[in-house]
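Inspection log for the structure reproduced underneath, given as structure tokens.
The first chain written gets the first letter, and so on, giving A, B, C, D and E; residue counts start at 1 in each chain.
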Amino acid sequence: MPLPFHPPYLDYHALAPEIIVTVVLAIVLVADLFLDRPQKWLLSNIAGFGLILAMAPILSLALSPHDVRSMVGGAYVVDNFALVLKALFLGVGYIVLLMATNYVEEGDYYEGEFYFLLLSSILGMMVMSSARDLITIFVALETLSIPAYMLAGWRKRDLKSNEAALKYYLLGVLASAVMLYGMSLIYGYTGTTVLSRIGEQMHGDAAHQPMVTLAILFIIVGFAFKVSAVPFHAWAPDTYEGAPTPVTAFLSVASKTGGFVALLELIFVGFFGRSDVWGPLFGILAALTMTVGNLIALRQTNIVRMLAYSSIAQAGYILVPFAIAGSNGGAAAHTAFTATVVYLLVYAAMNLGAFTVVIAVARKTRSGEISSYGGLYEYAPGIAVLMSVFLFSLAGIPPLAGFWAKVFVFRAVLDAGTSWAVLLGVVAAVNSVIALFYYASIARQMWMSPVPDGDRTPIAVPTSLVTALGITAAVVVVIGIYPQAFAHFGDLASLVP
Amino acid sequence: MLTVAVFLPIVGAAVLAFIPRQREEMLKAVALLVTAATTIVGISLLFGFDYGDAGHLQYQVNHGWIDVINSRYHIGVDGIALPLLLLSMVITLLCVIYSWDHFPEPHNPKAFLILMLVLETGMNGTFAAEDLILFFVFFELVLLPMYFMIGVWGGPNRQYASIKFFLYTLFGSALMILAFLALYFKGGQTFDIPELIAQGGTIAHGTQLVIFGGLFMGFAIKVPMFPFHTWLPDAHTEAPTVGSVILAAVLLKLGTYGFIRIAIPILPEAAKSWAPWIGLLAVIGIIYGALGCLAQRDMKRLIAFSSVAHMGFVMLGIATLTNFGINAAVFGMVAHGLITGMLFFIAGSIQERFHTRELARLGGLLLQAPRLGWILGFCAFASLGLPGLAGFWGEFPAILSAYQPAAGLSELTFRVYMAVAAIGTVFAAGYLLWMFQRVAFGTVKAEFESAHIHDVHIPEYLAWTPLLLGILLFGIFPHLIFHMTDQAVGLVTSSVGAVSSAAGR
Amino acid sequence: MLRNAWLIPLIPALAFFVILFFGKRLPRKGSEVGIGALTIAFVLALICAGQWIGKETPREAAHAHHTWFTFGGTDFGFGIHVDGLTVMMLVVVTFISLMVHVYSTGYMHGDRRYTYFFAALSLFTAAMLLLVVSDNTLQLMIGWELVGLCSFMLIGHWWEEGVNSGAAIKAFITTRTGDVGLMLGIITLFFAAGRNFDIEHLNHAALTGEIGHGTLLVGAALLFLGVMGKSAQFPLHVWLPDAMAGPTPVSALIHAATMVVAGVYLVARVYGPFFVGFSIDAGGINVVALIGAITVIIAAALAFVQDDVKKVLAYSTISQLGYMVMALGVGAWGAGIFHLFTHAFFKALLFLGSGSLIHAVHSNNMSEMGGLRKKMPTTFWTFIVGSVALAGIFPLAGFWSKDEILLGASKNGYPLMLVVGLIGAFMTAAYMTRACYLIFAGEYRGHAHPHESPPSMAWPLRILAVPAVLAGLLNAPGIGLFNKWVEFDIPGVQPFLHEHDFNYGLAGLSLLVALAGIGAASAYYFRGAFNGISDRIPILKTGERILVNKYYLDDLFLAIIRGIQYPVAKAAYWVNQNVIDGVVNGMGKGAQAGAYLVYDVIDQRVIDGAVNGAGLSAEEGGSILRNVQSGRVQQYAAMLFGAAAVLAVGLVFLT
Amino acid sequence: MLAETMVAQNIVFGILAVTMVAAAFRLVTTQNVVRAALFLAIVLAGAAALYILLAAEFVAWVQVLVYIGAVVVLLLFGVMLTRAPIGRESDLDNDQRWLAALVALFLLGALGAVLADAFGDDKIGHITIRRTAEVSDSIFGAYVVPFEVASVLLLAALVGAVALARRD
Amino acid sequence: MYLNEFLMLAAVIFCLGVYGVLARKNAVLVLMSIELMLNAVNINLIAFGAFRDNVIGQVFALFVITIAAAEVGVGLAIVLLIFRNRADIDLDELDLMKG
């Protein structure tokens, strides 16, 4: 006897952003077939337009009165947190698009496929920010990763690019395998994949058996890889160096953020009861990540590679709030969560900005060596100033956005107030000083050193890059001066139990 | 009103940014205009100020700023902040004037002036801020322009000096911000300085000590106090003239101001426990700086070390936690600002004329440029604390106050400090006169006999006269400053419970 | 007028600024301004004196006090306190200064910094007057320091020669060293007197036992340090002879009326703490008297061996100051002041005289003078008068004042001081005789063509000669006006200083001693008796050598300065550069010029590493960690799984 | 449920388990790439059989179709395209074999211990035979979103792979 | 049947996969090893599904299978790309970037 099939309730308003992006990526793919080389430039515009278009439903959702829209048994939720991050991903995607336009065009790489993959990856991220269920998270993760693997190898004829792709792919797959194993155990223990239900079963003695511990650990490892936390960071520098710079920017910001989003959901909804596991774990990861990242960054001569390590270190700062979120009964959970989200927003802007500058400069110097930045200020003052802004923001010098990000982190730390937390805070503080050294050394190159090859012809920066620079710089400075902006996003920590 | 005073310069900087760098005259004119306007605003503040109530904040502005962390845009000035605020305004104005026709290499007035204006906003803001986060933002805002000023327009060793200055101060600030946040959570979830002062006393003593330690690192490095001073000589030696002037005249004051405005009133008990050690470092600094001076060959470096000594007096005054001491400290800050600023100006002009600062090669300045020479003499005497000139009122009361520190501090310890500090004044006389003799007296060295050395010229006169007048004026009418500071200081020390020992009897 | 005595310092001060800014444009290059101002000031001073004397006894000191500024709940006032002592000082200072001004128009004629010189003179006078009229220690200290400043400016007037500027610095630093004591003393007494700088209040408190003896002793002792510096008491007297590097009129001003007597004045003014602190009335011996005594003898002895006429006078000044201090030390307050009074005149006279000589022979050395009696009659006569007065021969000024000191010493129970005083008298007479002999007697040994000085210089000499002769009579037995005009009385405190009536025996004795001195010296020089005695008797020889070398004190001090201060400074700087700075940079770092070669390497490494304290280690750490990044993907994978496994075990055990 | 079925189940499982482990072991040790592919096929087939044993036919068939039908073939193509020599080949392993073994065993130990501790001797009791419809229902019901997204993912993988692999 | 029978089997296969990934030089073999690991996961899922007596396990497994296939495809594409540029696929030759 056939069972009646009850189609699930789907809130299409809530799904609108994803749907739009899906449609657009389909259009891009199709259009790619019918356009011949000269008109390919259209594609990027279509994609960009699509991303902006997808913002519209996000706004309408944000303004709509009823703010938590839960679907399919709580497996897919659109709330404030989800909206903010979707917006972030769209924004990042748009900037990366701007960075890539000329790059892809001039490097005569496949354009249609490039934008298509970019969009699908972004789609994965958007799904991730709403996913509240292991399966959905897994699918979203793969959706954002797999295109990224291929994008990393997009400079097909370049060995470094190939190598980057392979390393990223292999380690990525391994990490997700480990994560899956962990997920399977969690499912085996709870019999469900919905995070909220898992969360309910994370209390009591049964929840404290080693198996659960192991499972949680494996899952975290899977994402620790994504956010390139030491000791799971090894792929990052190589991949970043090899991949096409816009893709690098994308990886270092978007997919990293994706990983953090997943972690936030898993930890705060799913495993919050087991802070005894992930608290110390994140503590170790954070300390290692900050320190190792910064120390190695000190020794880099290639700017992309240096930025790679810097972004590792930054991930370390972002991990700090996780470490203390559970201490003394999750007293500081709320501030910690907020700190992470804020840091992610700010980090996206400043890191993208820095990478945009790298692309712009490379257009002239054709080199990624830090030494090639000598005397940049003399022939490209604008770029030099912007770069300084981004770098010092990364270093956390007020009144730039990066400073507030760090303040939020420190605030969370002291809110928890345990001696371990404070110790971690001091480590972070010291690290921020170490970091300043290599950021400042680039500034030094740009401002105080002579031009290596007396060539002082100014850099021709295409409009798209100018736009990208404009947006990122604006964000960094405006937030720097008016951090209150965050308040307008409503409660960012809508996941905290 | 106050907001204008703080942000006018940075607006000016923004304007400058849109003027093509070729239009130098215009750039300079705008910069001059802005700084002058700022100063005028400052002066009007001065006139609008209610001296009868100098103890309390005036011109307060208190808007919500970052509700997320409950930090507010709260500014205001009391008798302590006002003179320093004006100092920074005037100094910047004069620096603009001074650099009118000689910008250091690489020329580029546009960038230079922009930096100077940003710097001014930072300094004014720090003196006006009444909210820890706001304070910190301005406090740090000062770093970058100075970093670039030293690093781009500085001397041969500039890169090292600039990065050292930068990292050093930032290290302090890193711990400072932690301390601030700790205050936030321990002191009733607010960054508002007045509120914290009201509640600070309630924090447990142990916690206070730790937090104070954080603050101490932040401020002591900026001052700079004895073991943390090593960035200063490098920074000063390498910095362009104007840079050194601002650095000496205003930046160092940020640290001491921090002690008076934040550390002591909010954490009185910790302050008491720390005071003897601060005092110790202070007097060590006095002697140490003086000895450092005696071993110098480079004029600018000598003046830099003298700053260490002078700030030692200021810190000694602060360490006593008495009305006398802290009044003296504030006065000392202003005086040191004027005098040392002047000395650096002169050092700059001398280097400009002789292309060297080596004492061994200079001499007979009085013969070639008598006015310059006598101005130098004047400043040297002002700096060694000659009564009737500004320097004296920073020095003498500080020593005076050490005779009888706040209740609860060991009198014996501080009397020893007093004696040492007093001996320090002799050293001061020693190295300053020695410097003066080498530079101004005697006959011209052979290598410069033929050199045409022009005497003080117009921009220099314009830039210097106010300072010189100030030195004389404050020397003769210390009241001009004390009547601002006294009440405010009274409130500070009252939190330490030192009023009884300071005002009474 | 007494209440407006503040005008007296004010006028020269104004003159200073006028001369400074407009002097060069004036017809007489500013000298007229100075002289005019001083004349007015002098007249005003005389008026004050008149009014003071005119007051009905007991004379009430005139006060005028204004709050200058207040902070720390304390009133820092400025004001004047005019009593006999003040008036006396006002008169003396203005008078001498006026003379010096006039004299200088001739002496400094054509000097490069003529105008500037007069400006400095005016300021100097103003500062001294400020010191004199001030009613509180703070203000007094300000005047005190300003005096020091001016002495620096004037002693170093001819700063082209390193010697002069050196002397100027020496003077300033030495006195400043004493001033440390002064400052601390003032502070101590400030708190002791209940946060009050007022001098009269201080004296009152001290004498009525409001302040503990211990505190007073400390305070007074500290103050006395300042006195020793300013009034060139042993062992801080070394600066004074060098100060002769300044132009002679300056020396006159410094040594006769102003700077050096400031110390004596201070003791006299703040006598309460000294009296009680050192328990002077106990008799026997005390620090003040002792220092004074030592100074008397030592300086007098030094005066013997000088060839530079000004140095002779300088040492004689020191020894006379010793007299004054000793007088105050033995409680003979009036005597001390009186000696200050008389001494001012004849010493000024002597200095100006010597200046006139130098002006004539273009040399300070008596070995290049001789036989000037005919050539310079005015100078000769006035100089002789001065010398006789100084030697203390009846009835000239010196006789009376010195006699009173001896009287005080004997009556207040200081026999030792009495002896010292007599020996001093002998020596004084002797060395002045020697000086006069070398200058005026015999044949002219110089090369220039000496001639009498211009009237602008001659007249001051003549004028000064008058008080040098008569001033002493003020206190002659039966007259004794001075002690009535100038007396130390604090309202509310019954007089504790008792004046003693003239004692013929003692007076006779001192006169005899003085004559003996003259006799001996004349025997030595005019008659050539015991010629080369010092060559024959080794002890005397060594004695002479020691004297010639000023007891090697200068060398000692130089040794101290060179041998201790500079090495310490160097060492400290070395520590600074290498230890502290190094700790900071994580490696030793020296930016000191000259050490570049040594430090470049370290610099470089430190810079490349992190300057932020981790320094090299951070860098090394970075390099080591880089090796983990081998580039081999499967090693990365191994790291991934390995870390996972280890963490797993760790956590399982942890939880 | 009848005892003998249980016995049978156990026997079958035993055989399957042994085969799979053996095959998997050979897979990671053999020096012949093509053989390795075949061993992989064996392991996968064994897995399929296990699924049937656990009454998940649909998954079992998907396993057979997708894995053995597609993946293995794909891999074989990969082997061919990368001209790996058919037949024995000396160095298919790298020099960190021992490290690898160590890590693997360490991991195994950890997993084994934890699992043993967790599910001591829990039995898989009565197994309800689930009709494919149920599976599809929940796929198109609760898991419709990931399902849709997965389709995009497959498309992306396809397009991307083509773009990368195609010679130009 | 004991649940652990299946889990242990899965664990063994998983670890063999890990070994393969770490020890094999040939990229294709590494891919195969990865498949082993994913299969181990699937076995877990199915076993748990039966244990917990719900359908989610099977669904999860289906997703894993699908996506694993996609991954292999991509992996091969990348391997081919490299092979085309370097004419071999030894993983430990790939260390252009390090440090």
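Convention: a contact is a pair of C-beta atoms (placed from the backbone, for glycine too) under 8 Å apart; a residue touches a chain by one contact, two chains touch by 3 or more.
What you see is a predicted model, and the numbers here were worked out from it, not measured in a lab.
Undergrad: Chains touching subunit B and subunit E alike, please list them.
TA: The common neighbours are A, C.
Undergrad: Point out which chain occupies the most central position, where each centre is the mean of Cα atoms.
TA: Of all chains shown, the one whose C-alpha centre lies nearest the global C-alpha mean is B.
Undergrad: Tell me which chain's centre, taken as the mean of its C-alpha atoms, is farthest from subunit C.
TA: D
Undergrad: Which chain's C-alpha centroid is most distant from that of subunit B?
TA: When every chain centre is compared against subunit B, the largest gap points to D.
Undergrad: Cα centroid separation between subunit A and subunit E, in whole Å?
TA: That pair's centroid distance is 26 Å.
Undergrad: Would you kindly tell me how far, in whole Å, the mean C-alpha position of subunit C lies from that of subunit B?
TA: 35
Undergrad: Quick check: how many Å separate the C-alpha centres of subunit B and subunit D?
TA: Centres of subunit B and subunit D (C-alpha means) sit 72 Å apart.
Undergrad: Could you work out how far the Cα centre of subunit A sits from that of subunit B, in whole Å?
TA: Between these chains, centre-to-centre, one finds 43 Å.
Undergrad: Would you mind listing the residues of subunit B that make contact with two or more other chains?
TA: 159, 163, 167, 171
Undergrad: Among the residues of subunit E, which are close enough to touch at least two other chains?
TA: Within subunit E, the residues that touch at least two other chains are 7, 14, 17-18, 21-22, 27, 47, 51, 56-57, 59, 63, 67, 70-71, 74, 77-79, 81, 91-92, 94, 96-99.
Undergrad: Multi-chain contacts only, two chains or more: what residues does subunit C have there?
TA: 610-612, 626, 629, 631, 633-635, 637-638, 641, 644, 648, 652 - these are the residues of subunit C that touch more than one other chain.
Undergrad: Which two-chain combinations touch?
TA: A-B, A-C, A-D, A-E, B-C, C-D, C-E, D-E
Undergrad: Taking the touch rule as given, give the residues of subunit D at its contact with subunit C in the complex, in rising order.
TA: 94, 96, 99-100, 103-104, 106-107, 110, 114
Undergrad: Going by the contact rule at the top, pick out the subunit A residues touching subunit E in the complex.
TA: Within the complex, subunit A touches subunit E at residues 134-135, 138-139, 142, 146, 149-150, 153, 156-157, 159-160, 162-167, 169-170, 173-174, 177, 180-181, 183-185, 187-188, 191-193, 237-238, 241-242, 299.
Undergrad: Enumerate the contact residues on subunit D facing subunit E in the complex.
TA: Within the complex, subunit D contacts subunit E at residues 6, 9-10, 13, 17, 20-21, 24-25, 27-28, 33, 36-37, 40, 43-44, 47, 50-51, 54-56, 58-59, 62-63, 66-67, 70-71, 74-75, 77-79, 81-82, 84, 91-97, 99-101, 103-105, 107-108, 111-112, 115-116, 119-125, 127-128, 130, 134-135, 138-139, 143, 146, 150, 153-154, 157-158, 160-162, 164-165, 167.
Undergrad: Give the list of subunit A residues in touch with subunit C in this complex.
TA: Within the complex, subunit A contacts subunit C at residues 166-167, 170-171, 174-175, 178, 208, 210, 213-214, 217-218, 221, 225, 231-232, 234-235, 237-238, 274, 276-277, 280-281, 284, 292, 295-299, 433-434, 436-437.
Undergrad: Which positions of subunit C touch subunit E when the two form their complex?
TA: Its residues touching subunit E are 626-627, 629-634, 637-638, 641.
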